Each structure stands twice: as C-alpha cells, then as structure tokens.
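Chain IDs A, B, C and D follow the sequence of writing; residue 1 opens each chain.
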Amino acid sequence: MKYENGKVSELKIAYIGGGSKGWAWALMSDLVQADDISGTVYLYDIDRKAAEDNKLIGQKYNEVEGAKSRWEYEVAHDLKTALTGADFVIISIMPGTYDEMQSDVHAPEQYGIYQSVGDTVGAGGILRTLRTVPMYEEFARAIKEYCPTAWVINYTNPMTLCVKTLYRVFPEIKAFGCCHEVFGTMKFFVKILQQYYGIENIQREDVKVNVIGVNHFTWLTSAKYKHIDLFEVYKKFCAEHPEGMPQNADDNWMTLPGKTTERVKMDLFKRYGYIAAAGDRHLAEFCPANWYLDNLDVVKEWGYGQTPVSWRIDAILKHRIEESKKFISGEKPLELRPSGEDGVNQIRALLGLHEMITNVNLPNVGQIPNLPLGAVVETNAIFRTDEVRPVAAGNVPACLYSMIARIVGEQEAIDEAAAERNLEKAFAVFVTDPQLKISLKEARALFDEMVENTKEYLAEYLQK
Amino acid sequence: MKYENGKVSELKIAYIGGGSKGWAWALMSDLVQADDISGTVYLYDIDRKAAEDNKLIGQKYNEVEGAKSRWEYEVAHDLKTALTGADFVIISIMPGTYDEMQSDVHAPEQYGIYQSVGDTVGAGGILRTLRTVPMYEEFARAIKEYCPTAWVINYTNPMTLCVKTLYRVFPEIKAFGCCHEVFGTMKFFVKILQQYYGIENIQREDVKVNVIGVNHFTWLTSAKYKHIDLFEVYKKFCAEHPEGMPQNADDNWMTLPGKTTERVKMDLFKRYGYIAAAGDRHLAEFCPANWYLDNLDVVKEWGYGQTPVSWRIDAILKHRIEESKKFISGEKPLELRPSGEDGVNQIRALLGLHEMITNVNLPNVGQIPNLPLGAVVETNAIFRTDEVRPVAAGNVPACLYSMIARIVGEQEAIDEAAAERNLEKAFAVFVTDPQLKISLKEARALFDEMVENTKEYLAEYLQK
Amino acid sequence: MKYENGKVSELKIAYIGGGSKGWAWALMSDLVQADDISGTVYLYDIDRKAAEDNKLIGQKYNEVEGAKSRWEYEVAHDLKTALTGADFVIISIMPGTYDEMQSDVHAPEQYGIYQSVGDTVGAGGILRTLRTVPMYEEFARAIKEYCPTAWVINYTNPMTLCVKTLYRVFPEIKAFGCCHEVFGTMKFFVKILQQYYGIENIQREDVKVNVIGVNHFTWLTSAKYKHIDLFEVYKKFCAEHPEGMPQNADDNWMTLPGKTTERVKMDLFKRYGYIAAAGDRHLAEFCPANWYLDNLDVVKEWGYGQTPVSWRIDAILKHRIEESKKFISGEKPLELRPSGEDGVNQIRALLGLHEMITNVNLPNVGQIPNLPLGAVVETNAIFRTDEVRPVAAGNVPACLYSMIARIVGEQEAIDEAAAERNLEKAFAVFVTDPQLKISLKEARALFDEMVENTKEYLAEYLQK
Amino acid sequence: MKYENGKVSELKIAYIGGGSKGWAWALMSDLVQADDISGTVYLYDIDRKAAEDNKLIGQKYNEVEGAKSRWEYEVAHDLKTALTGADFVIISIMPGTYDEMQSDVHAPEQYGIYQSVGDTVGAGGILRTLRTVPMYEEFARAIKEYCPTAWVINYTNPMTLCVKTLYRVFPEIKAFGCCHEVFGTMKFFVKILQQYYGIENIQREDVKVNVIGVNHFTWLTSAKYKHIDLFEVYKKFCAEHPEGMPQNADDNWMTLPGKTTERVKMDLFKRYGYIAAAGDRHLAEFCPANWYLDNLDVVKEWGYGQTPVSWRIDAILKHRIEESKKFISGEKPLELRPSGEDGVNQIRALLGLHEMITNVNLPNVGQIPNLPLGAVVETNAIFRTDEVRPVAAGNVPACLYSMIARIVGEQEAIDEAAAERNLEKAFAVFVTDPQLKISLKEARALFDEMVENTKEYLAEYLQK
C-alpha cells in the first residue's frame, strides 16, 4: 500500500467468495468510481470458474466510461495466496448450495412453518448457521495466520454469527459486518420527505438515525433530517397510509420478489413506538409465528412476500449467469452506478481518506449497555484511519428488550452449539425460536430431517 | 425491639394482607416455634373481618402445646397504624377477587390458550400485574413514610413485579421476595437421595444449590449434597424414570390440584442440562405455548395439572373458611408444624440471631452479570444482622439466556407500562409473551376483554 | 426558534456569566461568523454592569465587517428571565472573586505546595469546587424549571464537577462540558506535521484523535492525520527535541503566562506511551507533587510556568477592562476571527445544520467501560440534531488506570462532600490528592485556613 | 479421594513451598485437628532439605496428643510429582532470598522512603512482584497440565498479583488467595466486645463483617456482633482511646515486631467513616508517604513498627530453624492449637463437609461493581462443595474509591509489565506509587539499583 498525494495505490483486497455474482460486481463498480484508491483484488472461491469469470469482468470495469481508478484482478487458488499481505478482506459467500437453501427455507413448510427469507433466524437460519460457522472458523484462522492486521468486512448471512465466529476464533481481528437493510429504511424516509415536504436531492446519508439491535432486527430510537423529527413524520405517514406504502422504498436489484408495503414495520411502530429498520421480510422472522408468518395468506395480508428458493434460482441466479456471460462476451456492456453499499467508502475511511458514521455489526463493548458484552450487535460506528469505534446507542428500550434479548440469547447459544459441533445444543436453541410453533415432537422430526438434508455440510457435527 | 440474653422481644411485625388464610397461619405457627423472638403482629387487611378472625387464631397459637414464644395480635385499620414503628413488614395479598382471577386464568381459554396457574406471566399474569402494581405503589409510599428502615418481605405474586414496584417507588427500601418453589426441587432431591443412597433425615437445607433466574423460572447451575453431585444423580433418575416421579416431591398444603410427575422439569433438563427449580405448573408457563400447554390433553400427557380457579374456591377457599371457623370455635385444634417457609428464619437472621443462605428475589446489582442491572432476579443471598447480600450466581448459561432474558424484558416492560398506567404499552408486552399463540387481532380482542373483565381494578389505566 | 431555508432564526441563548470578558466576546464573534443561525442572547451576570457592557459590545459585533448574521443582546436580571424559553444555555462563570482565587492558588505555597493553575484538582481545585457546586445546583434547578429541554454548554472550571452537579440535580438535563485543552495538542500536531512533512493548511479538525480521561487530564490513545500515525511522528519529535518545543503550539489569547515547551507532556509520553492532551500546566497538577511541581525551580526546569493570580489580575483582567471600554467607546474596533472554540459549531450541529465529532465532558454511560458509570469523563462524541452521543473510547490503558481512576475517585468523593455540604468529607478528599505532600497535621491547618479565606462562599458548609 | 461415612480419606494435597517454617507447621497442626479428612501431603520446595525436615515434622504431628486424623507426608522432587492427581494445592513460597528482601525493604531508605513491610506495594512490593510473577506463571502452567481441577490456595505475597497471575495464565483455574489480616480486625472487635460488654467466649467468626477492597487494604462497610453495630462500638472506642490500643489485638506468632496500637486504623476511621481491616503496618503503605511513613519517627508516633529484614532473619528465621531441629530431634514437643487460619476449614467446605463464609481474594466478577472486572479483589465468599462464590460486597464508597482504585490500577499495570517482562512499564508504575515521594530522577536511580540488587531473579526482564 502506498500513500501519495492524497491517493492510496497498491492496495491488496482479498475477496473470499470472489466468484459472487452480485456483491462482487457491485464492489467492482464502486471501486472504479473511487478516484483515490487503486490496487489488486484477489478473488478466492471454491467455484474457481466463477472467480475466473469475475476476474475478466473486473478487468473490464476499468474500461467502463467514468471509471476513475484502475484495479487489477487475480484469482487466488487458496486462502493463503488470497490473504497474504492483504490490506482488506471481504467475505461474501454462499454457505452450501441452493439444495441446502431449499431445505432451510422450505422443509419447515410441511409443518406449517413459513419463512420469508430463512437465512438468519428460525429453522432455516439456525441450520444455515450450523454449516457456516465451521467455514468462518477456517477463515478466521487463515486471517490470523496470513494477514492479522487486515480489516475484514463481512457481507455473508447469518451476519451476526459470521462476525461472532471471526472474533471467537481470533479476538484481535479487525472485523465488522455490513448490511444494507437499515439503508432501506433511510431511503424510505427520503421518499416520505419528498412526498410531504417536497424536498428533492436528499441523500440517504443525510438522514441521521440512531441504530440499536441485531442484524435484520435493528431499530431506530431517533431519526432526523436536519431539524425534522422523522418519528413525527413517520407517525403521520402511518396514520394516513393504513394500507402501507404504494411501493417499496428500496427498489434496487437486491430487493427480492414483490415490493413490500412496509406494513409490518408500520404495525411494529404503532405498537412499540420505535422504527424497525430492516425489510419486512426480515422483521417478520424475528416475531412470533402468529403475527406475520402464520401462513402464506397472512404474509400476503401484511403486504410483503416470501422469497422462495426457486425464485432465487430462476429469477436471480439464472439471470446473473446469463448476465455474467454477456458481460464477458461484451454482449452486455457494464455500467457504473453507485451500488448504495458502504463498503468502498468504509475502505476509504479506514485508509484515512475521509471520515464517516454508519451502522455496522460489532461485538458489544458497551455501545448497548443492557445487552451482554461480547454479543454481536448493530449500531452506528465512526470510521477513521485504521479504526472503527461504536457510538453509544443507549439501552434497548424496555418495550423492545424482550424481543431483542431473546434473539441475542438464541444467537449466543447457537454460537456455543456450533463451536462445540453439538447438535443437541443446537436443537435446544431450535425449539425456542418464536417461529417454531410446533410441538416438541414435531420439532425434533423437523430438525432431524433438516440435518439429514444438509448432512454433507454437517459432517463434524455428525461424527460426535 | 429489645435485645436481651440472646433473645429479641417487643418486635413489631406489620402484616399487609393479614386476613390471609394460609400464609398467615403458617407464619403464626412458625413464630411461636421460635424461642428467641416475641412481639406483636399488626394485621392489616381490606377484609377487616378476616383480620379480626386471624387475630383470634393468632392468639390461640400461643396456647398450642409446644409454643415457645408469645405473640400478640392487633388488627390495624389503616396502613399508618400497621406500619408505624414496624421492624418487619410482611406482604401477602390477593390482588383483586376470585372474579378477576377467573378472568386471568380462564378467559384466554376461549382462544385455546391454557394456563396452569396464570398469576405470573402470560395473559393472566400480565393482567394480574396491572392491577397489583398500583397497590404496591401505595404500600411502598406508606413504608417510606411510616417505617423506612423496616425489612419488607413479599410473598404476593407476581413476585418479580411486586418487588420491582417497591424498589421503583422507594429505592432505599430494604425489601426482598420469598418463594418456596425452589424448596420443592430441593425436597425432590431429598427424596431421590433417600431412594438411591438410603440416606435418611436429610433436611432440605442440606442440599446446596446455586440459583439463577427469575421467580417461578429459576434454574440451578449446581446442586450438591455433601460430596454428591446431584446433577449426576438427577441424570440417572431421569434415565431410569422416563415417566417421571410416581408422586410429587412436594406434598404440603400449598401444592395445588394433582400431584405432578416432574416430567416438564425432566424434559427441560434433558435438553438444557440445567435443572429448572419450580413446580412444573409454573415452568410450563414460561415456555412456548406449543411445548407443554398447547391444550389440556398436552398438560395431562406431561403429567401435571392446571389449577382451575373453581378448585381454588371449592377445594381451598371454602375449606379454609370452614377451618378458620373451627379454629376460632375450638372445634378444630391448632397444631404446630414447620411450614417449610423461610420467613421466620430470615427474620431471625436479620436480627442477628443466626446466619443463613437462601434464595430470594432482589434487584440485580451484579449477582447475574449478563442480565440488566435493576431487574428483579432470584439468586441465593446471605442473611445477617440487618443485611441481605446476594451471592454471585454467575452468568445465565448461553442455552438458557434466550428464555430468561425474554421474560426479564417482558417484566421490565410491564413495569414501565404499569408505572405509566399505559394499556397500550401493556398490550405491546402482552402479545410478545410466548404463550400468546394467537393472531394479533385475536390477541387484541382477548386483551380488551380481560381489561373489561377486571376494569374495577384498572380505573387509573382507563382514565388515560 | 424558526427553521427556514436551511437557516435557523429566533434562537434564544441564555448566557449565565454573560458579563464575562473573554469567553463572551469569543462567542459573540463566532456567532456573527455563522451565516445560518440568528437570534437573541440573554446575558445574565451577578455583575450586572459587566452584562450591560457586553450587551453593547455584542450589538457592535453585528456591525463588524464580515458579520454574516445578526444577534440581539438582552440583559436578564434574573435566571428566570434568562432561561425561560431558551434553546441553549451557556455557563461560563467565575465562582467567587480574585480574592478566593488568590487563596486557592497561593495559600498552599506557605507549605511548599505550588500549583500551576489551581482550578481543577489539588488544594485550590477542591476549595474552588466547594464554592462552585452550590451555584451549579441553583443553575440546574432553574434549568429544570424554566427550560428543561434546552441544551446546556458548560465552560466553567472545575469542568468535571460543574457537569456532574448539573446531572446530579437534574438527571434528564441535556448538558455537556467543553474545553479547548485537547485542541491545543491537536494544534501541536499541526505544527509538527508542517515541520516534518511540509504540509500546510491543515486544520486542527483534520487531526483525528481518540480521547479518554477526565477534563484537563485527557489522554490520546490514537492520533492520525490521514494515513499518518501521529504517535510515530510524536515519538520522533520527542527523540529529536529533548528540550521540548521552542515555543508553544497554542498561542491564542487564552494561553496564560509563559509559553510552554511541552516537556511535561513529552516526559509522560516517554514513560506511558500515550499522549496527554492538555496544557502542561494542567497535566502537572494531576501528577504526584514530586514530579513537576515540587517547587518553582522544578516548574522552570520542566519548561512551563505557574499562572499567578496577580498576573491574571494585572495582565489579563486589567487589560480586558480597558479593552471593554475601548470596544464600547469605539476607540478599539472589534475584529472577527475564529476563536478556535467549538461552541457555535456544536450549537449548529444540535440544530441539524451539520454533523460533527469532538471531545466533550459527559457522564459515563459506558464510553469508558473500566471507569465507574455516572462519573463525568471526557471522550469524543458525535453531535447531530438534538443529540450528543459519546463514542466508545475503550478502556483506560492499564498503565494510566491508576492515575485516572484516582482522580475520578477524588472527584466523585468531592461531589458527595459538596452535595452534603460536609467539610469533613471534603478534608478527607483533600489529603488524598497527590499534590498534598505535607503531613496530616499541616494539611488540616492548610485546609482550615483555605476554608476561612473563602468562608463567604462556604456559608452552607459552615452552618453544619 | 474417598468419601465414606461423612469422612474424606486419601486426599492428596500438594504444598508448593513445602519447606516453609511457619505456614507449613500451622497447616500440619490444623490438619490433624480435623477428624473428618485424611490423606497425603506432597511437599515441594526448591530447598529440598527444608522439605525433608518438614516431612519428618509432619509425620510427628500424627503422634501429638489430640491428633484426630492421620496424614502422610512425601517430598516431591518436582512439580509434576507434587501436582499430579492433587485435590488441593497450597502455595506459600518466599520469592527469592532474604538478600532480595533486604533490597526490597531497605534500599529505598537511602532516599528517605521507609516501608513497614515492603512486600505488597511501594518500591519493595513492586520489585518483589517482578520476581514472583514468572514463578507463578510456572505454577499455573504446571497446575493446568497436572491437576487442572484441583483447588489452589495461595498464601504468598504479593497476594493480589499471585492470584492474578494464576488466573491470567490459566483462566479456568479454581484458585483463591487467603490472608489473615482481616481476622486481626475481627479479633480486635472481640476484645472490644469483652471490654465494653463483658461478653466472653466470642469466636472471631461470630463477628460478621462485609469486606471490600484489595488484599492488605481491605475495608469493612459493616460489622456486627449479633444485634450490636460494631461501627458504633468502634466509634466510642476511638473517642475514648485517643492513644489507641494498649496492646495489639492480634498477638499470635505471625505478628511481627512490636505490638501496634491500631492508631493508623483509628485515624483512617475518623476521617473516612469505614474501618480498615488489616494491620497498621500494611495500611500505612497504601497511603501517601507523608501520612504515616514519612520517617521512622512518624512511624513511632503512630504507634506501630517497621518490620526490618534483620529482625525477620534474627528473630524469626533463626528461631524457627532452631525450632525445626528441636521438633525433629524431639527436644521440643509439637503442640496442637488452632492456627487461626481458615485453610483447613476451607478445604473441608470445598469437600462438602460444612459450609462457611469468609473473605478471600478472587478476580472481580461483579462482587465490587465499581472496580474493573478481572482485577483481583478481596471480599466475602461462600464456600460449599467444590465452589467458592463471592458475595456482593457493593460499590467501594465514594470517599475510599480514589485510594482503592489507584492501587487496583497499579496492580493491573504491574501485572501487564511483569507479563511482558517489561522493566520500563514497571518503572512507570513504580513512580506513581504514593510512597515514592522522590523526584523522577531519584526514582529512576532507586529503581535501577533495586533491579541490579535482585537481578538474579530478573533475568528474563533484563534480556529484553
């Protein structure tokens, strides 16, 4: 890494999961739009072909009109090569295949348990966690060995447990987890401000929020735009739009099927007085099953949609594979547009090129005093040269504490179960999840079946 | 109060709810069995006749064979008279009448929600709390005014919220809450020890346990009898008795209908590795509805019973009214036997007559480091002259944290709702309870109905 | 207060101590340089003439070339008038007169105790605190009554105890304390960066520091300018300048007699590896007497100077009185230049006009996890619309903990002594201060003498 | 270990420092007075001859009239032999020889620094710590390897740092530190109670105290004998005995030269309102140099004495060597009397033979909420089968916080310095100690000299 004339060159970024279609392209696009950093991205992926393809795409980004910096791309065949000497490590993997995801999301349906995403909590989230943790243990050990002072940015879900595992294995790691769900709520405010006040050209970052909670179940305890208290605006909006948003505030490419009406969020606001800041699809999964996910009709009533794995495959994956080919062949030209993600700006802040405040996932060192120390929580943090410092978010309000502490407990317990490769402990957590509305006997059958379905990734658990 | 020759005389004990049939008699009996304390008990009760009757019964206890000390009884017509100059205050009231209790326990049944006790958590517990808190605020203010240095012992349920309210209103209060549920588990160990080891004459107090949690959802993280690790013994017992206890370990008069088989407790142990230390009836109510309380058949399958209010009235209340008359008339002679309660021994310890360690409910000052400070928790404490100091119970284990923190959160939130007389906040808590397995709409209807049923006691809430 | 077109008008600022010569003028100058805020400043001062003079001067600032906004000035004859409806309250008073200050700073010299400032800790700081706390209790009560939602900015020393008293009396107050001492160290870095790297036009704010400690004994655990680690630069500077700075980094009008060489700071850095961020005059007073303040020769050796009260009177006070007259008469024209203080920018941030991160004094809510909750500490905080949130500063490093926790303890104890108006408790703190290198008997004599000297302001203590 | 009929046999106790004259004999004597435990003590000592001698003496104790149990003694030539299979480990060593102790205690005198004991804090305590920590790291590693579930009782000074090192190296260790200093204060109360109330036959254990602080600077925040508040009694005693105790309350063989008058303790009580509970010799060393240790005349004035190393050698060591010979030869018969130490009773409690509450040194898990977690503190704890649980001691009172937090900080910093074998860090701590009343330059010279004097034990530090 070389710092000269306000620019940093010769950066090395290791990208674990570098064959990713989606996150990787967003990063590539954001990188060439930053005029003050340049370097090489090492793409590591167990799907080497995907990494090779992305190398070609990445190189092409340098040629897109409007590119302000130049980035080289290398395919790394092992973690050692990818990580050695890295200044930054980005992790965005898919733990397992769509087959495992199919089991995560849909196996519970035979018991009447419907999940809108199934990657964070609930039956699907827990099984996904069990197979992800061993992978992250390996990453953490490799980072400790090959680039212990690198900054590590995680995008993979289950976010909380990925970050937790990194810190558990290597407590001195400089890692944090990023998620765009809060941004969606901020953009929602931007829309409301336009509607009510006619204010144009507001950037998402102009909305100032205090974030508290855990990933995908984050809440705002204050939200302001300049002097405007957005809680008041939101209250008015809710009163005037009992049917919710006509369309989703967040319409970027990462939004999954169906626009949401934000009605789950508005219902929570009405009852708790705080604003939940994640997509309704995620929020619903943290609540009791009988609220928003009792069956698919209820989901529909609440104005959002389930994300079936078939859709992920048919509408997203196939489309992206097609796109990838066309990008490489040149049939489809690459375009530059801001991804809306914070990653590149965070990198720039950590290099001292600017300062920023944004929400990230970090172990609790007191930023939320009434949650356990060491649990991974999501709050604002300031980003400066080589440091990320959480901002004091305050206590979780009394009315939310039960719901948030419950999930923190579930996550700490699944961390313990996964660390010990202990399926019985995992089952004990499984049945306490508020989505698991079935009897203990049925829950056992479901758990066993989901383990069986994904056993290829649970070998270390099954040996015990 | 006078201390002479190792004895304390001229004690003043104020008994709020002094017309109680049951708790009051147990106290009277225990008092005269203590040879080193004597004094006067001031009985205060809104049912003045009941207090008058208890005065007569109390006086008679002095004459029972085996009585070692003498106690006077006075009926106090107001709190001021009862409390002024009191050394100890005992509170054991019934908040509301059996009509309200009928609503608490049985109104939810029309929605398929069954409660085994309904006085602590869940729909019934929450409604009971709403009407109890204002009463306890009054007690706290009166204690602050008339006897600020008295020790206050609470027996009323909801235990946690009663103690919380006392401390919220008068933070310097010297109060704690006592409950015999943990003792039941200790006696269960006594039985197992007899069965496996043939050890006779073990006292409940000889079993040494580390208690952690909240009232009625207390857990043991260690249990020993001398050198014997009772966790190992318990594990063996569970393996050898898949159908549970042939009969209940705790067969004193306070055990409500039906003997329990301890199967809920054993099921929890199998899954979590720690021993839940309360009656199965209580434990079940803290767990998801689908585990042990899905319907009355499930209750039966798990080998315990619901406590219907009709039984409380027919089997308990009527019987005791009859008994009371007979005690007064002399038709039925009073007898002395240890109640198994700790109250009188705690009083003796606070007077410096001996030292003891037992479990009580107190605000968290760090005895459970991973629960919020100020929340009322149940752990061991040492009792010495004029002090009760909690013992460091350690962190709630990861696998239990979700379930325990959830209820702590629920209780802190209901405290806030009750303090503000805010029914909307109360409803927000109501729907998060894991027993409320119904839709939000149904929950609203049920809540409104339960409020209507008990509105006589919720006037301050309804004015808002 | 009116918000329109990105500007706020009709602000009401109450200035307690509004007759101040120095701080008040700096504020007036900064106010008219801000183009997006305007309103009225209510000047309250027990020296009403001084407030009247400042009203005239304040009005004149509107006419100075370069003034971008207009501010009205009113003299308030009582706190009620000053505070009612205030949006902001600024407090900058002199507690007592120069006579009391004379005793604070110089009375201890007869016992060989020399103080460089004498307004924060040590014999002088403690006596000053005793007379300041009752005044701040009055301010807090008045703010609670007349403008409970106003933001309160304190500039008075002893900073820590002033802020502590405000929060003790009115826990919901929105108050913080500001001090420019850390800025001095930041400017020192600016100078070094120019010297070593030839970088010009660096603003103090471009230096990014992590601040930890208590006011006047604040430490930096990291310091960066862009990618440059200023700890490395500082280390080099210390090695190359064993005699310290040729002249002081901080040469604004508030710097008291003599330029400092920064040698105290450099000596501390050499030994502890962290950078103390306050003037040497302040730092020395927090260290054992034998280090830097054993006698005036030692002071001189370490390259800094004592601030005698005579100098404050002769060089500062008289000069300013003269200046005040000339400003009013027009003999001396007012000039606009940035004061270097953060106050006006903080006000703008709290109004939502921009966002900033700066160091302030606030009760510890966990920003420094290993110091007691509730103690007033100095760390960074983010300023946004109507909120100031501390940034997690991390634990006090082990090597500094003894020195910092000691002073925190001293301040918490003097708070208790002052709150109770208890001179015996105050004496108990007095003798533990590390500057009090005399025998217990001498300390008693000194304390009694200093109380006698300032008894006019200690009436409530002496009645006890 | 075998448990039968309420007795435990075949215990294995490893005694590190088993050649000790004094502590070892006290243990031997206490062991044979316990009728319910028996087994073998493995004596390990770098002075093997001393261990051999103690083996002979230990065996003889079995024959003393009144011996109720039988103990075998073995000399272990290495830690592995001593520790393998041990149920308990006792550590009581002298770190270094009397030469090093001579330097610790007396080298500072040439700079006018007088120490009454010199083994805990101050110049002597710090140097002693530096050579002790590496030894304790070795013990901790060996315990982890050979007997990880054994209970470890430490008697060596510096107590706090010995216990800290054990936990730092092996966090799961079951270790605690015991010290009889608090007992001395309890015995003092026993004497006062006899004097004022004529109560005879009070046992030290009948006095109930709440202990808070760090070893040798422990304080009582409450003290009761039955209903009697000993703070009131103590206050009366202090008023009536301005010259202190006619003779020391604690006259057992471990009291070093000169009886103390308790005047230091009484002076502290008068000022702080809490009772310091350690010998005056220890207390004085935690206070500023100018209070009680300014010179030997001051020491005398305060009615206590320094413990010169020459006295340790001449009066204690020589006497004991002589005694040892006589014990072995039979010239002097062994006698049984209670040592007053808690060790054997603690062992019995940990075996489940009884329950006890006593003060011990343990890492802070919240027993003192306003001191840093992990710091070793002294409070009460309950001892039960295989567990030691601290009792909530409450916050350090405001008036004591400065003095106690300061020393906690010093100890945490010296732990870091020693762990890193970093003499510069050690020096940084050295100069902050309140006894180091000399200039920085002199302090440097003294430190270097003391390092030189004890360099044989500081090799690992000097290699750096």
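Heads up, the rule we're going with is that a residue touches a chain if its C-beta (ideal position, glycine included) is under 8 Å from a C-beta of that chain, and two chains touch if they have at least 3 such contacts.
Because the structure is predicted, anything quoted here is derived from the model rather than measured.
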| item | value |
| --- | --- |
| Shared interface partners, meaning chains that touch chain B and chain C | A, D |
| Distance from chain D to chain C - Cα centre to Cα centre, in angstrom | 45 |
| Whole-Å gap separating chain A and chain D, where each centre is the average of the chain's CA atoms | 54 |
| Two or more partner chains touched - positions in chain D | none |
| Chain pairs that touch, as defined at the top of this document | A-B, A-C, B-D, C-D |
| Residue ranges of chain A touching chain C (in the complex, touch as defined) | 3, 6, 8, 208, 210, 222, 224-229, 351-353, 355, 357, 365-367, 369, 380, 382, 384-387, 389-394 |
| Residues of chain A defined as touching chain B within the complex | 267, 271-272, 288, 290-291, 294, 298, 370, 372-373, 395, 398-410, 412-413, 415-417, 424-425, 427-429, 431-432, 434, 436-440 |
